[in-house]
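Please go over the structures that come below.
Each of the next two complexes has subunit A plus one other chain: subunit B in the first, subunit C in the second.
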Partner chain A sequence: MKSTVSFVNAYIAFFIIHTSQIGMGILGFPRIIYLAAKQDAWVSILLSGLFISLITWIMIRILNHYENFNLYEINENVFGRFIGSIINTVIVIYFIASNYSIIISYVELSLSWGYEGVYEWVGVFALLLVTLYAVSGGFRVVAGVCFLSFFITVWIIFALYQPFESLQITRILPILTTSPPEIMEGVFNSSYTMLGFETLFFIFPFIKEKDKLLFISQLAVWFTTLLVLFTTVISILFFSSKELEKNIWPLVSMISVVHFPFLERFEYIAVSIWILVIFSNLSITLFISSKGVKHIFHVKQKHGIWIISIIIFITSFFITKRVDINLFINQIGHIGFYLWFVYPILLYFISIIKSKILSHS
Partner chain B sequence: MKKWLILFCSLLCTACMPPEKILERQGISTIIGYDLLDDGTYLGTISLLQFDRKEEKTSETISAVGTTSKQIRQILEQKTSHDITSGQLRTLLFNKDMTETKGISNFLDTMQRDTSIGSLIFLAITDNAEDIIKNGNYEEYPEMGSYIYQLLDKQERKEMLINSNLQDFFSTLYEIGIDPTLPIISNKEGVAPYINSVALFKNDKMVGSISLKKTMFIKLFTHRKAFLGDITLNIPVETFKQKGVSLAEKPKEDKFNITIHPIKHRGSIELSTEDEVKLNATISVSTIEGQPAVTLKNKESIKKLEQLLGEELNKEFGDFLEELRKLNSDPIGIGRKIKSLRKYSKLNDKDLREKYSTLKLKSTIKVEIKRTGAID
Partner chain C sequence: MTNTTNKNNCPNYKKIKYILNQSPDLLCRTIEVAGDCLEVVFMKNLIKTETVNEYIIKFIQQLPKKDITYSYLMKNIPIGEVKIDFKEQEIISSLLNGFVYIYLLKESKALLVNCANPIERSIEKAETESLVYGPKISFTESLASNIKIIRQNLNNSNLCTDELEIGEYVKKQLRIIYIKDLTDEDILKTLKQKLENIITDDISDSSVLAQCLEDNHYSFFPQFIMTELPDRFLYSILNGRVGILLDRSPVAIIGPANFFSFFESTEDIYLRWSLSTFIRYIRLLAMAGSLLFTAFYVAIITYHFELIPSRLLIIIGQSRSQVPFPPFLEVLLMELLIELLREAGARLPSKVGQTMGIVGGIVIGQATVEAGLTSNILIIIVAFSALGAFSSPIYEMGTAIRICRFPFIILAGIWGLNGIMVGVCVLMVHLLRLTSLNKPYLAPLYPFRIKDLKYFLIRLPHHFYMRRPVVNRPLKTLRAEWKLKNIDKDLDEF
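Now for the complex of A and B:
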């Protein structure tokens, strides 16, 4: 490894993994999972959490096997330069697309809540500039963004105490009436929200105490699962079923009940603050994708950042309608599912087989 | 490079502000009322807050006719030089005809869609929304919207009214097995509008109305934390004698009047057999008035009085349940409870209503006298 790599403590990984999981997805998540799994959505979330926890364990096993490599290097190592590069390109495209989906969905949200009439590209441009600036600072800055964004936004959960008064416990009853296929569909549909744990593959070389990483990453993954579980259960109890199926961002609609004597429309604050939540997502995805570009095409990371930002900016003119955004996010979720729920397992077995063969010969 | 980037960002961020909003140019709407006209179109009336100090009037009301709420708004914009904004909208009034014949959910769609409208605005029903908004009597408030908002808000917090804001209405309207309720506001020449009764709904159509007092029976089962409102009972002296409750002095009239103040309550709905529902409720009260005075010292007589009060309430509750069933309206949420059982979880709205009309409803209300004030 080169000496320029900046190291961070293991606990920082908690914030990086957690904040890259929580993002735009969670705002609309209760509805998406409710459409699939009805009132048993919580089962889907728990199953999905369990699955992610397993995959995180597998990821740590792979990473420990290769010590100081990130996924791009592992791919090349396992599959060779040519096939490895193809897989890496797919991963880079995935991260660019995921960055893109976050940007356009946030811009859509902020245009619906208060900034009606502003051009989409203005929002995209502003977000891209800030992200560009953060990522230019290198990994330590990105880690710092994640750390800060966690502490600046985590208090929003406590604002949910007001909707608590109108929860109806009967709405989640009777439990376990949804059929297993529907629950599995819920697990499948939850992927967009739960994705983000894959960052572990790329931040691994930067972490100082690698032996602690298994525990820390499990903690992060389960914290996210519980947070998602909490908000989903609250949403199910708060909204009647038809209402939940209608709202695009149930969480924002739920927060709109929150009011204080000095502040009547809390949801406007929440929507604005959400920029900090997605800021960490954007930084980390841009960081990872630019690292991939650097690795595949041997260009400077700085140039990679600019190239990707320009690509995202230009493509942002193409998808601006609600239906298209919805479709796009679904596609990202599905691709993400195969890439990060299925692929690590495959990679794990291939790397085991390969090392067995090598040790034999 | 870095400095330029920061400078550029700050320029960009300030330019992202929405078109400027100057207070004097805003027509802040606080209340909107809709009336159904004979030809099927709607008359929308709006009250705008006036900020110009030189003007003596603090508000202005304008009306317009249209088919959708946003069209009405568009026409309203033609009639004022201010920008009509709905961020401070507090109350929506609907005309009774409209709620009875057309239903109001069509009109509420826009309220949900429009993000500038909060979900805490109140909904209410009146005979004629235009008359109410144009009524000049609104106590010391600057205009009608603020007055009605305060009226409903106060009543909801500390008296006998069920939560009636947009969020509550939607969540009961869309839930299978429970129907919403809304307050009815009445208007009389020369006085400020007042809350008269509560409207019962079947889906989004109004089917009947009940007195404010009876909302207590609904709250008993739907809102655990809400205040029920003081309960006044007029019990014939005869029944007292039969039960053997001793009074401190002989009442001159033949009725014994008592007012109790509920402290805590708990209600449960249970499906005991296939077609019998048990509605059990316990209310802890303190007695705040008795005419004539009654001495509540000995344990025996308190117990008997509790029993008596419970029975009286139960009788009223039984009648109330019958009334609801005749209207096939279910504000208590019996259907919702049935649907939450595994066996019936697949029932739809129609099946539930059918089942509701054939159910046997058994109610018991227990009263516990916890405190008696400063005297026995």
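Now for the complex of A and C:
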């Protein structure tokens, strides 16, 4: 089994972790965090970055302890087959749900930016098919998708130089007046956007130089944190307080200021290019969830991806309204918070205690 | 005695005539020298008559009686290539390749001598891949002269030309050409394995062979470089690739190929680095434009005309005001029309071709716009994308891009810009999944090899190319080692 694993270089982990963190969340993120932490949102982001960096360190510790295991195997190893399988099922459902949330929120976004008369299922169907094609190529292709989509999309940041002209520095003042509970609520609410670093738990066995991974994963999560910080601060400086509170996709609205002599309304291009951004999210979540399905139910991964895609396609008819999608995403954010911010710490201590007990006996 | 075994193996004229279905071309000249009879059997049209007359018939007639023996003839016949140890099947195929069969009736022994007179085209300038600058010589249909060209240009003892035969009905010679101490053995092994797996009655051309060797048979993209330029061939061989030459085919196969090698031309090395880099980007941009421009037109006009700045929008609106079709149909119509023009231009005899090109291009183009069937903006876009597809130095890549354009137009019609992006995703995944001789197709980009980017994406001055590209895993990476003039001098020093 293990000999058929295809290895990739460690630097690829940077792209996988970073691209699975950046996705649909960041487009609406400035509003969500502004609602909680007001103009001190940047403190929340930095705190959450710090927190994530700490958890990534813990994850590396756990993974190094169990060489060449992914989280599914670790769970079974620590908790036994039965409880481990229950936790793994929760993880699989989490990944399927997050894949689902990405697809439906993207299709909703694309429909609100043009495309009158296009059915929702066309979008869902197209995205699912592309993802299936990518994932059926195996881990090498999924990693390649993350790598290439990063370079194809990263230049959008530079298009933000145009909104720079209408920033008002006073909007971020007064500094540090928000109460700590509100800032902590901001950290809590930022989970959906910042999640994605958990992929490290699953890609670890595929990486060639495992000793470099701590540095690279830290680099990835801090790069993401700074990127989120940058866009959020610019949004806060760009929009007035009331505008920002009402704008569901502040980042997209901000990009709409960008125009070139040959191109007006740049946000249309940005929204379509965002497919490439979410494409890497979708591929990696489908890959991980199908791997979990294989692990729990002993279904071949190439069949698992079809089963999951069909489930997502059918359920995509149920949630179509913006309000429902928001609610759903909030739920995933909360579950994700407990699953990836709290659970790794627990797992770390349990595994330490267990190994201590084992070494004593 | 060995004679008995030989007796069964060597057929006489009658038997050969029977095997060759009483072919009227098969001639037999019986020579009698002092009581001993010899049969000289050959195919009339395939041999050089003078050689047979001078060096076989005349030579044998001059011999004294004691020398009319198998062993003497074998050693002394004044012709270069002589076959002595052969099977019956080989006799027939050799005869059909222009050999002469000399059969000694007394000893029942025979030998084959080469008097072939193959039809050869003279070596000419390359037609499909034209270079502005650099050597103009091109491969021909004859394997012998192709090998000659290669040997003359690359006189290294490690240049291997492994011989293979392919085809059951129509046997064809095939040569695998590589440099022994450069080429990775893995590549060679995969290639030989693949060649062994091809069991077929005939291979009509090297392009067919290349398609049989591909890893993914359903892909739109060529997975081997096909070239008729020896200098391109040699350049690839020297970088650790493997080449294949097939007899009777003027196009050589080079593998493993990667996506970007289809956009480099040997001219890039001959010209100065600045221009070459520029041209290489022009090619890549033209390719991307050719692939996406018409699809963008469909997407933008159908779904998001807000994207176009208002001044431009007025021009486009005016030119489209008469058009009765939706943009999708309009584009499809024009694209098909231009493909038709291209195909007709390629098929027509060259004398009529030019006239028809003018009629098609100018008259039809002008008339459709004036009749209000298309907008003239679209004519510009379609013409640009038709030109862009030909910018790849390898013809096959251009055809792949022309075909890929249509799915993009359809996707743009269905889901606008998002459809195009879905198409880009599919293309990206497809290129990621493709391999050529088990080597990744998107090689210097993914898996990322920063040192190889200078080979495929840009062209730097020559002193940067001290090492061979690692994508082909050459056994020896160091290519050159020459030092630049000392530039450590200060301004006031000499």
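The working rule: the second predicted complex is superposed on the first by the 360 of 361 C-alpha atoms of A that agree within 3 Å, B and C clash if a C-alpha of one lies under 4 Å from a C-alpha of the other, contacts with A are read in each partner's own complex, and residues count from 1 in each chain.
Everything below uses one rule, namely that a residue touches a chain if its C-beta (ideal position, glycine included) is under 8 Å from a C-beta of that chain, and two chains touch if they have at least 3 such contacts.
What you see is a predicted model, and the numbers here were worked out from it, not measured in a lab.
Asks: Classify the contacts of A:L263 with the two partner chains as first (subunit B alone), second (subunit C alone), both, or neither.
Replies: A:L263 contacts subunit C only, not subunit B.
Asks: Just to be sure I read the superposition right, which of the two partners does A:N9 touch: subunit B = first, subunit C = second, or both, or neither?
Replies: second
Asks: For A:Y133, select first, second, both or neither according to whether it touches subunit B, subunit C, the two together, or no partner.
Replies: Both partners, subunit B and subunit C.
Asks: In the overlaid three-chain picture, which partner chain does A:S272 touch, first (subunit B) or second (subunit C), both, or neither?
Replies: In the superposed model, A:S272 contacts subunit C only, not subunit B.
Asks: State whether A:Y115 touches subunit B only (first), subunit C only (second), both chains, or neither.
Replies: Both partners, subunit B and subunit C.
Asks: A:V145 in the overlay: touching subunit B, subunit C, both, or neither? Say first, second, both or neither.
Replies: second
Asks: Would you sort A:P180 into first (subunit B), second (subunit C), both or neither based on which partner it touches?
Replies: Neither partner.
Asks: On subunit A, what residues does subunit B touch that subunit C touches as well?
Replies: 114-115, 118, 122-123, 126, 130, 133, 259, 264-265
Asks: In the complex of these two chains, what residues of subunit B are touching subunit A?
Replies: Listed in rising order, the residues of subunit B that touch subunit A are 2, 5-6, 8-9, 12-13, 15-16, 18-19, 87, 112, 115-116, 118-120, 163, 167-168, 170-176, 225, 333, 336-337, 339-342, 345.
Asks: Could you please specify the touching residues of subunit C with respect to subunit A in the complex?
Replies: Its residues touching subunit A are 303-304, 306-310, 312, 414-422, 424-426, 428-430, 432-433, 442, 445-448.
Asks: Taking the touch rule as given, give the residues of subunit A at its contact with subunit C in the complex, in rising order.
Replies: 8-9, 11, 110, 114-115, 118, 122-123, 126-127, 130, 133-134, 137, 140-141, 144-145, 147-149, 152, 259, 261-265, 268-269, 271-273, 275-276, 279
Asks: Which positions of subunit A touch subunit B when the two form their complex?
Replies: Residue positions touching the partner: 112-118, 122-123, 125-126, 129-130, 133, 165-166, 168, 170-171, 173-174, 177, 238-243, 246, 253, 256-257, 259, 264-265.
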